[in-house]
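Below, chain A partners chain B and then partners chain C, in two separate complexes.
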Partner chain A sequence: MTTTTQPQTTAGSVRVDRDRGRAMLAVGLALVALVALAAAPYFIGPGITTDWGNLFYLVTLASMWNLLAGYAGMLSVGQQGFIGLGAYGVFVFNDRGVNPYLSAVIAAAVVAAIAFPVSYLAFRLRGGYFAIGTWVIAEVMRQIIVRFESLGAGKGRTISAYTEDPILRKAYTYWLALGVMAVALAAGYALLRSRTGLALQSIRDNEPAAGAVGIRVSRVKRLVFIASAAGCAAAGAVICIRSLGVAQPNEIFGVGYSAIMIFAVVIGGIGTIEGPVVGAVVYYLLDKYFGQSGVWYFVGLGLVAILVTLFLPKGIWGELASRWHLSLLPVGYRTRSTPHPTGWLTARDHRP
Partner chain B sequence: MTPQPGGTAPILELVDVGKSFGDLRVIERVSLAVPSGQALGVVGPNGAGKSTLLNVIAGQERASRGSVHLDGADVTRRSPDERCRLGIGRSYQIPRPFTHLTVFENALVAAQYGGRLRGKAAQAAALDALAVAGLLPASNVPSGQLPLLGRKRMEMARALATQPRLLLLDEIAGGLTEAEADELVGTISSLKRTGINIIWIEHVVKALVQVVDRLVCLASGVLIKDGAPDEVLKSEEVLRVYLGSELE
Partner chain C sequence: MSWLNAVVQGVLLGGFFAISALGLSIVFGVMRIVNLAHGALMILAAYGSVLLIERTGLGTWSSLLVVVPVMAALGYLLQRLVLQRAVSISELAPLMVTFGISIMIPNALVELFTSDVQALPTGNLATRSVSAGGIAVGLLPLLTFGIAVVLIAGLQLFLARARSGRLMRAAADDSQALRLMGVDNRVVYAQATAIAFATLALAGVLFGVRQGGVAPFDGQVTVLLAFETVIIGGLGSLWGTLVGGIVLGVTQTLGGEFSPEVPLLVGNLMFLAVLAFRPNGILGRETRA
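Presenting the complex of A and B:
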């Protein structure tokens, strides 16, 4: 069943372009970068690579929050719940004899399974209520975790069995952080280029209308909620392994992680794939060079956030992309050889 | 209305449908059968419950009483997305574009999900729908940048891209110039000829009567008149609810 009648302009002559060439090029370059970064521990000292690991989990976290808020319209302030569960998951499986790196992967999978029932709870709320609700859920997770004596009971604890050799340990940890980031970015990009990506953006832009064009709104949102939880859990596990344990449950379950994620995504450019990466790099650099400046550091972060929202409302990447029509990782569709726009339509394509 | 020969189920049947919001009864016991192939127009003064009726048919609102049947199947408890996949496409009176997606992507997502099409077939269906709505030249424009007329056209294109058997149009002619309204009438008439069933709510009665075979008038949630368009418009009941002003 088609809806064709006798259109004045024929649809048959139009070609749909997905920018496959540019996407392949970007993916190719990303793979080269990945290989180079993976080889880094063989050439660069563990001090520097360990520092990069910091950046990798920030990029992971920012991308996961962007997936939720920037593409699915779910403003969560509770991703630290999944970060904390991921971190504590390392202990759970490590205590059973699994090495910490594999434990991180298992923990992420288990947290994904936990996120499934949690989504039913969280999805009863919308907008600001959803945001607060996720925060409360994260707090409940912390409260449950600190009941367990075996998990340090609110005092934090260390990983019991890890790689003895410090050089190897740091290399493994670096590769884990890199791998988690690579998988998070690749999966995010694949998701957004897929059919589901279009559905997600439709839901973000207008949820009732998304339902009216046949999208199973809750199912698509749930998929992203679970994926984001798994990514945050993996990042949490990385954070835990990097410091050989959790010093303070309040910290790993702290709302500060949500603040970092929101900061990075807003600074970089919400709703783009590149934006959170840029934002995470900015945050990483600010933290690295000014993190020890006490209260002025936070004043500076606040100032950056205010200035960017005032003068670059689309974020750094968003602004660059729309000014120069940049897109390293195209997700959209473009029709070619359409006739020239007439009259009441805007001719220029402003899309980033 | 008499059922069509052959005894096929009406494309849409409302049985004793009511909708209340708390104590406010917006629709009271509406029963209506639309035989396959018939284009139905709905008129009525502001606040008569027309858009609510459309929401009850498409599933955005669930009927407080009674039942809704699509092609003989009871869809009263079905969600809007299920109803869309079953063949109900709708437009919104106040356009609801997916603002960050291009016009083409708006139509494409509708074809992929509502129309259950994949790959090239979905793309072709989206392009066809845009062509029908006269939006092909604007394919790559982010829909948030469309002016109102463009958004209204896109509402129709997106509904068409879901490959509907029943197309619900909610005041898409409002604010058009005479020439634009004539063009729209031509478009909807040709859709009707392709076998899509149409239910059209419209204040611009002049455009409406050129397309529909049958007209119902809704006032305060009650169907007060049902019949041939000119007959309904001339009836005393209908003139009374409009106070003789709007339909002249």
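Presenting the complex of A and C:
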């Protein structure tokens, strides 16, 4: 009984296909798009780029929420707590002489550190109770922040030191929004293609089974929770810098942001990389053209989200992808058996 | 004496919290659905009363005779037509649907009634009080507490004895086995939702009366308080919600003794402390939410 050792991917064995070529192509295209967008302020007026900045933070928020709900099965309605902390973090570091853009980055890192202990509280709850639990935590954050006189108490405040030249300021703000979105998308994609990504998808599909095959469920979920908090904080900082301050703490800590995130992800397609981007673009366009039509607009958003959940549960991207087998940014694994030299399809060992 | 007074007021406030938490507790207990629209629906019911008082000349209390059955019917239909479908899609779907509803209701109310506070008149009931041992107790909070106790006792009796109550417990335990016995579990679910909506309608009107009126976005506060009450008391226990309500109420009124600005914050912190140290709630069983 001697079995010869053989190279891993010779004929007759099984090969794992990760769609490397397609992923590289899509990432390459994304990099080209990023360079083009980064150059935009040199060619396009600040009015238009400022408007795009709006889209960039929407994409960031939607992707961060999708990471939580679509990949880790954690439906949060409390991400506005981290958005608000990120926005207020800008004041904290800006007041100490740091420029607002660097303050945004520091704020995101600090919020990630805050999210770590918060996760221990939030993870006491599951499912829907996790959802309301995160909402309570966001409320607590708001109620604590508004007790600080230096942060404007309940009235909001403005950034104390910002770039004076309006053209330059708008360009910097645009680049910050673009950079935050690019990092959020890239980090999200890298995470999902990694081993952790596989663990995440198995947790989403069946948490007890994932635990049974040795995945450290809480640790992986915690990692995603913290990453999502940091991304939301960075987006909050962008929102704050775009309007040179916070007008209303109730708004930046408002559950409305959760509504926007959920809407974008559900419409675009939950549990895909591309879906939240599509959904954010849809929300951005709806907001641009119908946002002035008063509060019926929000009633419509709620209704559309319900109808899509019930009748188009995969969302726009999910439907298109499954109809035409589309996947720009594949994260999956496929096994392919390579044909036997004599033409057989077999995975059996060869004997000498 | 002011401390003792705060405790008594807190206990009575707990009665209100318990009533507002009952609907959430029933919907979760029977169908495992967390109704994120709970608070918005409470406020919708209160606006129903406002509308009836304006248009028909009914009083606040007599308007309940219309509002409670209408909300119960709404709950029945919502469960049968919408939530039942959502449950079969995914775990997230019912949450998204109820969250969508919680966004639609307040915004629609702003459009129809403006964002101003709408008054719910109750004659002089809201201001009358009885005093005993130097502590003045408002008649309305006392009445609310009484309603809470009667309601919980009645529901317990219903779940233990009545045929449809027993079916609800059976559906909560094993809906497939219930179907094998020839009972349509979807009807049982819809009945449970109807009862939950009836209690939340009552809670919404009581909320409006306590506050002297309602505003469209009040539901965002009431849903959190109701939820905290359920978790503090412990899932799966109706008397637990009363205990949870009392703990939350006393915490808030004691917090109010320090500063009138902090009751909500102190209540929220109390909730987080319970999560950290007694995640199954005070009367909860060893089951995870």
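Just so it is clear, the second predicted complex is superposed on the first by the 314 of 352 C-alpha atoms of A that agree within 3 Å, B and C clash if a C-alpha of one lies under 4 Å from a C-alpha of the other, contacts with A are read in each partner's own complex, and residues count from 1 in each chain.
Just so we're on the same page, a contact is a pair of C-beta atoms (placed from the backbone, for glycine too) under 8 Å apart; a residue touches a chain by one contact, two chains touch by 3 or more.
Note that this is a predicted model, so its numbers are computed, not measured.
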| item | value |
| --- | --- |
| Contacts of A:F116 with chain B and chain C, given as first, second, both or neither | neither |
| Partner chain(s) touched by A:V266 [first = chain B, second = chain C, both, neither] | second |
| First, second, both or neither for A:I144, with chain B first and chain C second | second |
| Chain B versus chain C as contact partner of A:R124, first or second or both or neither | second |
| Chain C - residues contacting chain A, complex | 28, 32-34, 36, 82, 85-86, 89-97, 99-104, 107-108, 110-111, 220, 223-224, 227-228, 231, 261, 264-265, 268-269, 271-272, 275-276, 279, 288-289 |
| Chain C-touching residues of chain A, taken from the complex the two chains share | 69, 73, 75, 77, 120-121, 124-133, 135-137, 139-140, 143-144, 147, 255, 258-259, 262, 266, 270, 294-296, 298-299, 301-303, 305-306, 309-310, 313 |
| Touching residues (chain side chain A, partner chain B) in the complex | 1-12, 14, 16, 195, 198-199, 201-202, 204-206, 208-217, 271, 332-335, 338-342, 344-346, 349-351 |
| In the complex with chain A, residue positions of chain B that touch it | 58-60, 79-81, 84-85, 90, 92, 96-102, 104-106, 108-110, 112-116, 118, 123-125, 127-132, 134, 136-142, 145-147, 149-150, 158-163, 165, 187, 190-191, 193-194, 196 |
